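Got some structures for you, see below.
The following pair of complexes shares a single chain, chain A, combined with chain B in the former and chain C in the latter.
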Partner chain A sequence: MSKQFQFKGASDMPMIPISLGDMDWNKTGAWRAQRPFYEDKTPPCNAACPAGNDIVAFIQKIMQEDFEGAWQVIKEENPFPGVCGRVCFHPCESKCNRGNYDAPIAIHALERFVSDFVANLNQKIGKSSGPKKGKVAIIGSGPAGMSCAYHLAKLEYEVTVFESTSSTGGILRMGIPSYRLPKKVLDREISNIEALGVVIRTGVSLGQHLTYDDLKDYRAIFIATGAHRSRSLHIPGEKSKRVLSGLDLLKKINLERKLKLGDKVAIIGGGNTAIDVARSVIRLGKKVTLLYRRSREEMPAFKDEIEEALEEGVKIRYLVNPIRIGQKDGLKRLECLRMELGEKDESGRRKPVPISHSNFFVEADHVIIAAGEEVDVSFLPKGMENKEGIVLTQRDGSTGIKGVFAGGDLTSMQRTVAHAIGSGKKAALAMDCYLQGKNMEETIRRILIGEGPSLSILRYLHPEARPMNSHVVTFEELNMDYFEPSERIRESKAPLKKRVREFGEVTSTLTETMAHEEAERCFSCGTCNECENCYVFCPDASILKTENVFSHQVDYDFCKGCGICFSECPRGAISLKEEER
Partner chain B sequence: MKRVITGNQAVAYGVILSRVDVISAYPITPQTTIVEELSELIANGRLNTRFLKVESEHSAMAALIGAATGGVRCFTATSSHGLAYMHEMLHWASGARLPIVLVNVNRAIGPPWNIWSDQSDSLSQRDTGWIQLYCENNQEVLDTILQAYRVAESVKLPVMVVLDAYVLSHTSEPVEIPTMEEVDAFLPAYCPDYPIDIQEPMAFSVITTPEYFLEFRYKIQKAMEEVPEVAKKVNDEFRSRFGRGYAAIERYGEGEAEVLLVTSGTVTSTSRTVVQKLKGNGTKIGGMKIKRFRPFPFEEIYEEIRGVRKLAVIDRNLSAGVGGIFAQELKASLYSREERPEIFSFISGLGGRDITPNLIEEAIQYTVEHPRPEEEILWLGLKK
Partner chain C sequence: MRKMEIPLSENLGHGHLACAGCGAAVSMRLTLKALGEKTVMVFPASCWSIVPGFWPYSSFRIPVIHAGFVTGGATASGVRAALDVRGDHESVVTVWAGDGGTFDIGLQALSGAAERNEDFIYICNDNEGYMNTGTQRSSATPLFAWTTTTPVMQPKENPKKDIMAIMADHHIPYAATATIAYPEDLLRKIDKAKRIRGTRFIHLLSPCPPGWRIPSELTIKISRLAVRSRVFPLYEIENGNTYTLQEESHVVPVKEYLKMQGRFSHLSDSEVEVIQKNVERSWERLLKKAEA
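Our next item is the complex of A and B:
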């Protein structure tokens, strides 16, 4: 304490009671009953990303106009931002808290922007130079296999990928039409992975050219051969001429671009493959009718895709189920039943029920069946169990055979690119744990994003990284006083007339200005973006700026625990807990 | 330059000319147009003043206390419930000796809900340690603000400038607006006694034990006692520069009056015409305007009531259970005097009812006709 004055009386007293010393000695923090602290929490987008992208972090980089930095963030977890930015069904956006306010952030468009921005800089991922930890083999060069290869290469393994077809990319190349995913984008991202030293051997098919014995030099194997067999409808005439499977047709169009088709094409199915087929066939100048047994509500294809298909002239007949494929006057003649919707089934959708005596006929030159895909288990080694059409694995991707892991469409019914990328990453981690003798279960718990199932490889490689509470930030936890409504960015689309004539990309990449504007809409849920509200509002001047893990810290010597920083933080990046006594 | 402006615009001109650094206010009728005018000027970049938006009058005053402690010139305006809401902070401002100027547009306090003129709001704050100055017209409003900063910064006490709702606040009159140069010459920049310097931290208004608290209050009383002399000097200088002035007490009408009509605020203007009209009608009638309510102008009053037999005090306020507040103050101030005129305490015009010339005449007539009041409170225009 400082010196105290004694006054004789009013005449030698100052006008007001003042202390000429400072008050630093008075550690008012001792009065605190609750303690604020900086703690990042999981943004809902991050938690929803099957590939485990740190979405808020890369958007923050875009906000700072550090587009290369954004790419550095994304590629930590995912080597396919150009692919995902175009074809992912973006569950991140449906969970985006901004959706409760005006419209979600166009995360997919931002991811695509970052990938394309960096591609224009000719950025390559550098080859790792460290000593190799051993040889690993990957079967299948689709998104799961390549994601696994990428992460294993970064973990310093010598990776060989075996691909049965003549080209890389699996379903990304064969199954996704180029108006959604241009081949050059895929080539660019695969070559980035190869640049890390990954060797891809195409035209080598497991079972045919390669046996499991041939792979015994490899310390671990990841099998991600996908689901390529079109599901049968089990109706008469299905195996006749001019009846094709959806995936086969896409392969032909994507790989050869040449195909002889009659003028009228009927497509059976309501999933993404059916829509991809329909939109591809429209681009070949044909008339397309899609037959789907439930209503539009229940269609499993992505909403935007259905919308675009309709725009482009695809006709969709709902509540129609083919029961026989016949032939009449050189045309395929589909006998169909009209359906009505009954009770909900196990998928949660209303089940189609045939209306008796409602038979009618649809005629077409070609019939394409796109009723889903199955896995081919014929080449799988003994000891790998499968059930209900998928290969069974443990949570970490391990199979019944030691050192053999599996992932992607082969092991899951959630058959999306993002899920495949996530499963490849998980397998890479599991293989590293297995080969380095680490406990994978424990590791998974530590690096889970939110409640999972996605994993953060950044946290695996950098346990010292800024921690993130697994709690997923809700809309109610944000402070809307600090946001104003703003419109979601719209990607521009090619004119319809142009779209239906060629396989060029439908939507275009955002400009730098557009991306920056869209990124600025991000609430940055649970993640401090140094907005400084806490610093401005703290009545005790107890927020200190630091250069440590966090940009700010609370000065507990003087913080009285009023909680203003906590309630004025727009994004829930400050927590408050009762002081322990 | 002469312009026809409302009382609230006159306030705004006073604030602009005083080069106020910080304004913080919360809207309330009938004050709102004052800060509307000022905030627009600030928003348009025409006034280099910081405007702090706040969520209440309590915060408005609290914000100014912070700003004034920081050593800058501050202003706020309010009315009625808003002033009541500031109450705690009014004490703080005077206790911390901060020369803040506040304009209060007199408005009744509800319920019953009422937005018209009545002095109950400002007079309820009479014990908060603020200097209180009541204005009669829009010119006086503008000039009083300029003088208020001089007085406040000299004695280190806050000043409340008071004007009547609507009769002044929303009524236009010709007002002479001085130039910036003229005001700059009259009102120098504010120099705080204890400027904040982060290199030399100090704590302000820290806890004070019983050992010294009494002495700090004594100092505030002493500062109040300096006001009459300081205010007179400031007013004299103002008069020499601008040709106008406003004493704490102003006598008008006949010099050797037997009956003196005592008023404050705009009632005075009406009273002037009544007193003029009654001139030469037998009893000598005079008028007395009280401008400064705090500190109460004892000496000036003693000077002005020599030879007066009766005071007819019209109060546009009511301290329920006692009566008119101006009348009470006058009674208390005269108790120790040998020469004590009879005091007739009239209550009128509450909640904005007009105090008409007829009512004033009625009050004078009653006072002339009665040797002493028949009742403690005489209600003017009451519908029984």
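Our next item is the complex of A and C:
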């Protein structure tokens, strides 16, 4: 309390009316009806990331040109930034608030940049040195299994991964062509996981070389064997010669590079596998026609992929349904029906209806069926239930058998790399809770990102780290006065002529300057990045800042609660609540 | 978005009596950051006779002299002369007057001082009315605005006086408009004024939550809309004839600015149209001056 004056009479007073003290005793905070406070909220990109990446945090690091710091942020949650930055369908970008303004941030390109930048520095994730908490086994070295292995190793378990094939990575290696995901990127990120002490035993197949009894030394098991069986079309002729499944063909190309195909190839399907097959076959110098029974709008494949396939010369025939695979003059002869779109079905897409007597024929040397993948349940232990083609698990990934967890494509119809990575992480958490006797349901509630379902392992390990209100920031809550329209960065692509001749990567990694520019476009929704608008505009100098240190604190002795800081915060990182009196 | 860099010094201390969300308090805080410690301020009667605190206290960390309503220009001339006599040529004498003390009551003293090219900065903290005494109209109150003396049944019939043109015609070395939504521009102009000798005039628009009938948290937003709608363009005049415009790339119709304020809530579409036309005409005039 500063000095207050009391005068006994006129003789006490100064000759002229001059001030003698300051007004610091006048606590104007008492006027306040509403109280501003700093509170980070959930950015929509974070909430949309199935892998649970803290996207805003890593982009802010890029903005500060701290690229290694960005990598540190990503690897807390996800060991596969190089993979995700290339192949993820980036739901984060469709939810990006900047999309309501000009164009979403190219989050995938930034994630890829961070991974590649750090790889060039030869960064490794350090091996944890702490005492081991016990042995755990993981079946399958795909994105779900390896994500689980990574987080369990960080949680100080002794992890062994069993892989049935001769190489690691599961679908990432076998199913994704190298023009989208170069093998060296995958190798790099898997070796980072191995560097943590994770042991991968390839060529060991569950059921064939390994029984459940063999695994009884392990305190918990995570099964993530994926969905590798190609779905059948149930039409005559599909088992005949020169009819292949999409996934088998991709495996052959990806693992062996040797494949004999005729000049004309017909592919049946409209999903990502169908597109991957089509673009791979084009690269082998063949003519490709894709047959899809609905229209382009209903195609489940990612939009960019369809676009690139068309650029590369893939022909797509829509509203066509093969009903029989025959043979004529040494060629496969597909009998097809034309379709039209009817009412919406349970998937929300318009259902294709055959037009009667519209039969026509498509001829090809080879026919590839890529109509989706199914789970092989034959080797699964008794007690693990499955329904409608997926293994049933609890919310935490636990199965009917104690200590056995499952995840990835095996347990979900949301078959993306990001979902698999997220489910591996969730299983790692659940296994730790199970083995350490913690309540998983309670834990999940505490570490949900936004309303979920993604989880933050950072918050599991450090409950005080990065506190964040679960409210997801909307576009309307941002203050657009502080942003100027700017163009989204474009990744450069290899020339078309080159693309169709080889399996080299189509898009290239951003340069440092490009990444920095793109990061600067980020609104940083709900996350204070110390722009200091609140400090600049406070009429009562009540945002505390000392020499270069921004405190994120309000001086409630003097804050009158006008709310300027709240409304001038560009990103919704300040909240207001009614003052209780 | 780029971070704003503004000086850390605070010469308007805590405990001052400005209303919550007061635009003028932001104006003062920013102005003092640019002026620095070696400043003597002169306050003709205005809100700022009250805001600093009551005797024997003051929330200001620089010397401030309270003066009669009419006397901003005259008092400042005297303070400057006294400092010069004492050999202090460094301290910047700054008048901080309201629009009442500038456009109406203090115009004579200001005009006299400007004609003599007295060496001080005169800042008109314009909140478009006699807000301290309960929102009476001044000659700075905009056309059709509500005040207690221009009630809704008979809103103000005359447009705002063009104080910048008046000051330009005194051919003083520097005159500029500024407002709080553009802190860097505001600081730059004060700093520029500080480095010039002679009479310098800054017309500072400070939205007033109670007088303009706006929520306290919208002060900055409305200051920005005043510029974006071209109701209050940002510009500088050197020696009364060289105009420099700080153009806003986002231009909005005046309606966007007016509709947020209770003092304009009674306006009909045709009245809004009249204001829009006036604003466009003034803008054209300003552009011509800038091109000349």
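Everything below uses one rule, namely that the second predicted complex is superposed on the first by the 555 of 581 C-alpha atoms of A that agree within 3 Å, B and C clash if a C-alpha of one lies under 4 Å from a C-alpha of the other, contacts with A are read in each partner's own complex, and residues count from 1 in each chain.
Note that contacts are C-beta pairs under 8 Å (C-beta built on N, C-alpha and C of every residue); 3 or more make two chains touch, one makes a residue touch a chain.
Worth saying up front: this structure is predicted, and the values here are computed from it rather than measured.
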Exercise for the section: Give one of first, second, both or neither to describe whether A:G9 is in contact with chain B, with chain C, with both, or with none. Expected result: first
Practice task
Mind working out whether A:S19 is in touch with chain B, chain C, both or neither, as first, second, both or neither?
Solution key: both
Handout entry: Partner, of chain C and chain B, that touches more residues belonging to chain A
Key = C
Exercise for the section: Kindly classify A:E568 by the partners it touches after superposition: chain B alone (first), chain C alone (second), both, or neither? Expected result: second
Exercise for the section: Identify the partner contact of A:D217: answer first if only chain B is touched, second if only chain C is, both if each is, neither if none is. Expected result: neither
Exercise for the section: Would you sort A:K27 into first (chain B), second (chain C), both or neither based on which partner it touches? Expected result: second
Practice task
Kindly list the residues of chain A that each of chain B and chain C touches, one partner per complex.
Solution key: 13, 17-24
Problem - List of chain B residues in touch with chain A within their complex - result: 95-97, 156, 193-194, 201-208, 212, 215-216, 218-219, 222
Practice task
Spell out the residues on chain C that touch chain A in their complex, using ranges where they run on.
Solution key: 1, 3-4, 6, 8, 10, 12-23, 25-26, 29-30, 52-53, 55-59, 61, 180-181, 183, 209, 215-221, 224, 249
Fill in the blank from the handout: chain A residues touching chain B in their complex are 7, 9-10, 13, 15-24
Handout entry: chain A residues touching chain C - in the complex, by the definition given at the top
Key = 5, 13-14, 17-28, 31-32, 481-484, 520, 530-533, 536-542, 545-547, 555, 557-558, 560-564, 566-568, 570
